[in-house]
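Structure record follows, encoded as structure tokens.
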Amino acid sequence: MSHHAPAVSDANTVSAHPQASLLRYGLLAILLALLLAAPFLVYPIFVMKLLCFALFASAFNLLLGYTGLLSFGHAAFFGGAAYFTAHAVKEWGVPPEIGILIGMAGAAVLGLLMGLIALRRQGIYFTMITLALAQMFYFFCLQASFTHGEDGIQSVPRGHLFGFIDLSVTTNMYYFVLAAFLIAMAVIWRFINSPFGMILKSIRENENRAISLGYSVVHYKLGAFVMSAALAGLAGGIKALVFQFATLTDVTWQMSGEVVLMTLLGGIGTIIGPIFGAGLVVALQNFLATSDFPVTVITGVVFMVCVLLFRRGLVGEFYGSRIGRKLGFDHRV
Amino acid sequence: MMMIFGIPLQAFLGQLLIGLINGSFYALLSLGLAVIFGLLRVINFAHGAQYMLGAFVALLLLTKGGASYWVALVASPIIVGLVSAAIERTMLSRLYKLDHLYGLLFTFGLALTIEGTFRYFFGASGQPYPAPSQLQGAVNLGFMVLPIYRGWVVVLSMLACLATWLLIEKTKLGSYLRAATENPVLVQSFGINVPLLLTLTYALGAALAAFAGVLAAPIYQVSPLMGTNIIIVVFAVVVVGGMGSIMGAIVTGYMLGIAEGLTKVFYPEASNIVIFVIMAIVLILRPAGLFGKDV
Amino acid sequence: MAPLLNVAGLQAWYGESHVLHGVDLYVNEGEMICILGRNGMGKTTTLRTIMGILRKRSGEITFAGQDMMSVPLHKSARAGLGFVPEERGIFATLSVEENLMLPPVVAKGGMSLEEIYELFPNLEERRNSPGTKLSGGEQQMLAMARILRTGARCLLLDEPTEGLAPVIIQRIGEVLVKLKERGMTVVLVEQNFRFASKIADRFYLMDHGQMVAEFPVGLLPERMDMLNKVLGV
Amino acid sequence: EPSDGKVKIGILNDQSGVYADFGGKFSYEAAKMAVEDYGGKVLGVPVEVVTADHQNKPDIASNIARQWYDTEQVDTIMELTTSSVGLAVQALSNEKKKITINTGAASTDLTGKQCTPYGFHWVYDTHALAVGTGGAIVEQGGDSWFFLTADYAFGYSLEENTANFVKEKGGKVLGAVRHPLATTDYSSFLLQAQSSGAKVIGLANAGMDTQNAIKQAAEFGIVQGGQRLAALLFTLAEVHGLGLEAAQGLTLTEAFYWNRDDESRAFGKRFFERTGAMPNMVHAGTYSAVTSYLKAVEAAGTDETEAVSAKLHELPINDVFAKGGKVAANGRMIHDVYLMEVKKPGESDVAWDYYNVLSTIPGDVAFMDPAKSGCPLVK
Amino acid sequence: MHQQDEPRVVLSARGLGKDFFGFTAVNNVDLDVHHARIHALIGPNGAGKTTVFNLLTKFLQPTRGKITLLGTDITNTKPDKIARMGMVRSFQISAVFPHLTVLENVRVALQRPNELAIQFWLPLSSLDRLNGRAEVLIDELGLTPYRDTRAADLSYGRKRVLEIATTLALDPEVLLLDEPMAGMGQEDVRMVADIIREVARHRAVLMVEHNLSVVADICHHVTVLQRGEIIAEGDYATVSQDPRVRTAYMGTED
């Protein structure tokens, strides 16, 4: 997505205002406190779902926002990992942490295969290929026996974490999910604010130049793609345990579209944008699930409005706004 | 009975013909997508919705206005084309100067909205649309009974493909459009009204989809989901053909329709997946697609 | 007689950044002026603003008696302005000949295809090749040739000699002189001072978004010192 | 007396997908109608009905169910069209100790391998369909079959049940082809069925899929060619959708027909006034399920799951939907079902009058013997 | 005064050729580029100069011929590998990272030889140790006032200067410059010429340039290409007297 993608915003620029970083840490602290207290304030399953999707969107954003690759096939990693984890936990009886690792590893392998094919093309072509490959994976899941087709893998046991923490207790499950989420976010943050992240950014800006400087561009992109796939897999694996389910929904192309929406809505290329985006979409769906109105219409309209008017997303628009800039956030678009 | 690859010849021929019929829809739809993509660089995710709209407009013309199939065949593409032109004018056109992915995202949202709305008002189930009386009945070809209407679809789709191809590749219009894709501002500075040109192109692509929709209505019924079901396959067709290649879209459409038809005979379980498998193989061997230029 | 093109108090912005701060210039019919200036002073911007490509602007532009400030971009060419951009703007998906034939003819008096091919034989040889597969210099020729076909009466040329071999530069110089004789008006932006000094009638010196000096070719020797200081020629 | 001052019933089903006509929003209407007919109150507390669209996705369904139980004090969930959803929600409800009454799904697994003490299966199942439609057609001489099967659990189960039955009666099965859910083009499958030479083409699918298959069979001259179609799961709603012209002559099995007797006609008329459509077996079954649940609560004097469940097992069902119905130990509600034939366009003089009732199949023939169901609860 | 190194062949091509769909853009080109020498490749437009660059850096695969870099046959090596071996090119049409600042642009180049490329576990501040070197380069090229300006906001000429800075940052053994001065003002031309001369004391430079005064000024050796073939070779004085070169390229004046 070459030069119109918003550039990395919260990275590497020294803020003009000294209180900016203070403010940012303050906000982070509040957010963290809220997350810690969340299961006592809101329906914990809902918060867990939100965290899963926030992680999924952040993983996706790692690719889109920081490498400029728009994948329309990320559902394959998310849903694929959910299947792998669910199958491992239910059929092989492995403990949950191993199950999730298996899911992540499976997603990473899928990511590697898909990346090897799709990364041969660029831009919109890349997008189409990921979409088609993910669709192929969808049909595979529809036919393969271990996924149980339309029924999905049901009643997946949550098991005992490290052999002694009973995850069927909702609070235990919640803090496990939260811990995984925080660790993953830290990994993502480090990843984009690293020398490697810098190279990814320059590849996005001018691929030929990066090659001529001696960077083997395909390997860097593949690295980011696999990383993103594995993290999406982490989100999918966790989701399978939270809901005790792995189904086709998570591998459909609509799911791939949904994660794009979350990221776009929150703010492409911002760290916390996808989290907000995911929160909003999940809340909206939750709200509409029991109303008469079709969810897709709302989702669709939100999508269009976002693309037309708030391309930088909630967080991005905030950073770019007068207040945001006063507070020392920098959003270079 | 003569056998071919272990199945009766007549069944084989029948499936070949069926494949060609399905291929007609793939070809028409991927052609419209290729026109839009090739010239606007927008992946028109709403193409399936426009196809569905085409069918629905025909249905509504019939039920509300009593207009015949023949009227619908002309009117529906025009109506859908106009609506799409309005959407392009007011919304989509603001996105051209941005990265191409925004066009894709916008049309994705548009597709969700249109389909969701129709689903809300018309439910998900299909509504019958009768084939025109002139085209009812079937002919016995010996190896199969061919409904006349399906034969008509094949012929008409081929004509439409040919006409579009001529329009784009053999007239100056085509070169304006291709140039405008690359650098609209410059082309405009040459004195060409680019925004109008782009609007017309989008309308043409959408009208082609609607045309396919009207053709499809008597065969598949009219349902809000009909576009969703076919669009991803058509995307794969476009990728295999080489994105943006008009010829590629047409030829690949027919080819993959036939390939899919034959898979249903030899290994039905794979019939869903075969187009994607072909796509993966083609991409490994020729990343630009069968007819695509390396970009 | 009123000048063919008159620009007064022209200001222009790229987004928030203010680039032109009140440009004044005029060109008489059949005259060739040249805008000189160091990199980044706003020469390109001036041309883009006159053409109407950059629309965040204020001030006055009149061309052939017509107020150009409210004319939409696609009508600028119809009014008789022809623009050759610095980055050439050759279309990759069009063949050389398609590129050449692309701009519609807006008035009589443009060059014919034969004349163009005679002027730039490379283009004839590569006429079926995709536009951007041409060499850098060939692309520059194509960008120029393309506009010569249309019959525009005033050319805005942004560094037309960049990347060209000396023979070709010489040939372009000859062409421009010939065009001028036929009554063509030209606004030239050039870094190649030697080239410009041979063909232009009048010079503007641009600095930080404004014209800081203006003099006819006759005064060139007197102004060399100043130019030397500003441009390092 | 009910725990939280009210009794809340959830109607969870497909309201926008392939099966939206099968149960859909009208099931919700049926449930509300049942509550109103009951007086709107049980044990002195109000009865509430909520509804949601599960889009045929077991995960969406379980999420809604979980949320209903956890945060909205829903006491029981009903309808649950689509087997995958039915099984998922039934398992979850068992974990949460809640009652489900399934009126929309087909799989015999609900009261077989995967039965639960609080799960009830009310209206029909693949066994009943196989016995009804399959049996009737074999008897009429349709003894060689080719199946067109929806490619998922429900399709397999319907195909398998029917095939067994056909074979039992001395018929044979020549082959089967599987099509994905929500297929729009059946031409190549039909061509295969045609060249198999089977006398009967069994459509082991449902909803829109079946409608499309029937329509296209007509185009390709399958019936004129001498083959016969058996729509194994087809209800009044689909007949209406397809139109009599295309549907005429089909044999099908339903557990309810509005034009059966005066009581059903009166019910149908009231239902029609609310919805603009006549009820099929799912709608009537949902009405019955809600009524029976409320009666059980009344009888138990509480909405506590264990007690209500016991009453549901105990009380006979006598309402517009079922006469003398009884719930077996595996949760299967046993009642009579009907074999119907779709009328020709000329034969139908009243709107929505689509069926001739060919025969009544007694409950214990239609439904599997609970002892053989494989349900661990049956000793 | 800096010491000039001894010249030796670092890059050579033999019988290099490239066809595009039947059109021969480069034919039978032999080239030897020496350490500590500036080698100019000149010729009319479309002669095949950029194509030769593309072949040497493997952005295009040669149809014929063999290329050797620092004693290694690189005829089948990938472009990024070649850059890592020590041969770096600039592009005729400017190539910068538009959304990065000038400093960041230069740092991206510095990252690779400094082994700060795949370290996804290190913080971004680990790159700060490259600032010193980057700033020296930026200063040399007169870009200091624009240190924190986004490349996209630079004027065309300055983008070209930035590109050269980035190329130099890699400290390559062999430097290929495609019209480095095109579009630059006189001032910058002189500055860049000086820089190239300086750089070439310890490196090999191959450059395409149409600005003949620069060629005359700084190049030790000139190869003239026409229609894909070499028509003359030698120092500028010799070459510029060649009548074929005069008619094909220089024209009547000098």
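For reference, chains read A, B, C, D and E in written order, and residue numbers begin at 1 within each chain.
Operating definition for what follows: a residue touches a chain if its C-beta (ideal position, glycine included) is under 8 Å from a C-beta of that chain, and two chains touch if they have at least 3 such contacts.
The structure displayed is predicted, hence computed values, not measured ones.
Undergrad: Work out which chains are contact partners of both chain A and chain E.
TA: Shared contacts of chain A and chain E: no chain.
Undergrad: With centres defined as the mean of C-alpha atoms, identify the chain lying farthest from chain B.
TA: Here the answer is chain E, farthest from chain B.
Undergrad: Specify the chain most distant from chain C by Cα centroid.
TA: Computed centres place D farthest from chain C.
Undergrad: Using the touch rule from the top, work out which pair, A-B or C-E, shares more C-beta pairs.
TA: A-B
Undergrad: Would you kindly tell me how far, in whole Å, the mean C-alpha position of chain E lies from that of chain B?
TA: The separation of the two C-alpha centroids amounts to 48 Å.
Undergrad: Can you work out the whole-Å distance between the CA centroids of chain A and chain D?
TA: Those two chain centres are 40 Å apart.
Undergrad: Could you work out how far the Cα centre of chain B sits from that of chain D, in whole Å?
TA: Chain centroid spacing, chain B to chain D, equals 37 Å.
Undergrad: Starting from the mean Cα coordinates of chain D and chain E, work out the distance between those two points in Å.
TA: 76
Undergrad: Which chain D residues reach two or more other chains?
TA: 16, 180
Undergrad: Could you list which residues of chain B touch at least two other chains?
TA: Expected reply: 119-120, 269, 272.
Undergrad: Where in chain C do residues touch two or more of the other chains?
TA: Answer for chain C, listing residues that touch two or more other chains: there are none.
Undergrad: Touching pairs of chains, all of them, please.
TA: Listed by label, chains in contact pair as A-B, A-D, A-E, B-C, B-D, C-E.
Undergrad: Show me the residue ranges of chain C that touch chain E in the complex, using the header's touch definition.
TA: 14, 17, 38-41, 44, 86-87, 122, 126, 129, 133-138, 140-141, 159, 162-171, 191, 193, 231-233
Undergrad: Going by the contact rule set out above, which residues of chain E touch chain A in the complex?
TA: 57, 59, 78-84, 88-91, 95-100, 104, 107-109, 111-112, 116-124, 126-127, 150, 152, 166, 170
Undergrad: Enumerate the contact residues on chain B facing chain C in the complex.
TA: Answer in residue numbers: 172, 175-176, 178-179, 181-183, 185-194.
Undergrad: Spell out the residues on chain B that touch chain D in their complex, using ranges where they run on.
TA: 8, 10-11, 14-15, 18-19, 21-22, 119-120, 123-128, 138, 140, 144-145, 147, 149-150, 219-221, 223, 225-226, 229-230, 261, 264-265, 268-269, 272
Undergrad: Looking at the complex, which residues from chain A come into contact with chain E?
TA: Against chain E, the touching part of chain A is residues 3, 7, 11-12, 190-191, 193-199, 201-202, 205-206, 208-217, 220, 223, 227, 332.
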